[in-house]
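Would you mind keeping the following structure in view while I ask a few things?
Note that the chains take the letters A, B and C in the order they are written out, and that residue 1 is the start of every chain.
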Amino acid sequence: MLTTLDLIGTAAFAASGASIGVYKRLDLFGVCVVGVTTGIGGGITRDLLLGVHPPTALDRWPNFVVALAFSLAVFLLHPLMGHVQSVVLWLDALGMGVFATTGAATALHHDAEWWAAILIGAITAIGGGVLRDVLVNEMPLLLHRDLYATPALLGALIVVAFELWSVPYPWGLVAGTVIATALRMAALTRGWNLPSPPQWGRTS
Amino acid sequence: MLTTLDLIGTAAFAASGASIGVYKRLDLFGVCVVGVTTGIGGGITRDLLLGVHPPTALDRWPNFVVALAFSLAVFLLHPLMGHVQSVVLWLDALGMGVFATTGAATALHHDAEWWAAILIGAITAIGGGVLRDVLVNEMPLLLHRDLYATPALLGALIVVAFELWSVPYPWGLVAGTVIATALRMAALTRGWNLPSPPQWGRTS
Amino acid sequence: MLTTLDLIGTAAFAASGASIGVYKRLDLFGVCVVGVTTGIGGGITRDLLLGVHPPTALDRWPNFVVALAFSLAVFLLHPLMGHVQSVVLWLDALGMGVFATTGAATALHHDAEWWAAILIGAITAIGGGVLRDVLVNEMPLLLHRDLYATPALLGALIVVAFELWSVPYPWGLVAGTVIATALRMAALTRGWNLPSPPQWGRTS
């Protein structure tokens, strides 16, 4: 279950990274590097924080192969996607939801405190996207104006809460993923966002 | 002592990160993400280098809560700070001094060589600020023209030297922090900096 | 052998980082920070992935001293280098080839899977340069249009293949380094690169 969800999230993030690489007019390898980094970056960050050496996403070939395959597919097929850009944002939301819950669950399995598990889940969900945006020299999406980190924290929180309440295993993963993804999608489609800094007659 | 100093440095760095987030017109979450990342980023980097899993700054809630509280305070109160920007630079200098010495002391407690302890102290002091500047897509302050890394290296060196000479425990921390912070403040107020590359009739 | 190659790669990368720092008009410390980070960044990334704490490049002073010495040399002597910029690109190619093979060999010595060893070799070869480009706020060279990651992957693959086929120890390192460096140099001098994304009447 954890492994399958992990691959789904990897594929979604890799496709989002490769799409941005195509938009930036990178060549074949550049597109694949951004796609693979985005796909496996969150998992590598999680494993570094938890002390899993070498990181699972490098040590098991399916993660890399899935990330590479989806990057290549985007490279070849992107002209057909044109108006499918929204599909990528939805896949990205799915990947975020998946990684928030699998990250938190993995942290709990490594005996992290519940507090650390929530933060590590959120970092796993966010890490790949931040690496992507830093690589292509953009200010990370995470910092822009729609809910991104809030759903990630909520998904991780649900996994930890279900574990503390001893809800049988896969329900926390399912509930956390669904709720985090749905909240992010709702924020995207309805333009929800958080308030800006207050302004009281300020210049600059 | 180490823990208290760590929280002081976290608060100072978080406030500096949140201020830059406000200046970049990020929303509530963006400001908090930059603030928290800046506040706990140096400590996470230190723990990754020393193999402390999961990193202390994630595993203990006070660090996160302090970083979040100071980010929120800056978000809400920044219009009152206007001319207090220099206060932030001074707090940043204090955070740098604190993290240089606590980073070096933590490295020594983990049996790092004295050589590695100096470098890890400096990386701890510098790491949060570099993460902050990379997140908001600016060239790191560290690379700009005033003394930044020199005081950090000096503070870490003092901790290591006091340890080698068997000076009783907290004096190295106190002396290193005070001297590193004072040197950075002096550099800021007096415009000290290091020489630029020599130019002998060079174009470009 | 591994240690000597490591120092050669460190020196080459440090010189390339310092040259970019000079080009960006940083001061003495900025140039040294970029140079040292580029020189030892790949090795630190490798050791973080493999769980070597503290990282070898921080724990052994020769790496740091070599990186610092070559950064200082570039800072002082760059006006004499003017037309020697191509020398830097060739040194960078050498550093990439060296780190790809030593990274893969180190990963194998730490019982990484052959699959992980190839990826870790490539990440070691690429890591320092990516850190350099992120620090100076440029889109990483890795993503630009000439073969960069392909030679790194090939060099690491050769080390792993020779190990699997039980070829006596240093031959894999030598063959991998020579072939990776030669391929990168050929790509640079002949303008080889990989195809761009297909375009079928696409706007934007």
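Simple rule for what comes next: contacts are C-beta pairs under 8 Å (C-beta built on N, C-alpha and C of every residue); 3 or more make two chains touch, one makes a residue touch a chain.
Chain labels with UniProt names: A, B, C = Trimeric intracellular cation channel family protein.
Note that this is a predicted model, so its numbers are computed, not measured.
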item: Chain copies touching (subunit A, subunit C) - same or different residues, decided at half shared; value: different
item: Turn needed to bring subunit B onto subunit C - CA fit, degrees, nearest 5; value: 120
item: Centroid distance [mean C-alpha coordinates] between subunit C and subunit A, Å; value: 28
item: Residues of subunit C whose C-beta touches two or more other chains; value: 48, 51, 134, 137
item: Complex contact set, residues of subunit C against subunit B; value: 21-31, 33-34, 44, 48, 51, 53-55, 58-59, 61, 64, 75-76, 78-79, 82, 134-137
item: Parts of subunit C lying in touch with subunit A, wherever the complex brings them together; value: 48-51, 107, 110, 112-113, 115-116, 119-120, 130, 134, 137-140, 142-145, 147-150, 193-202, 204
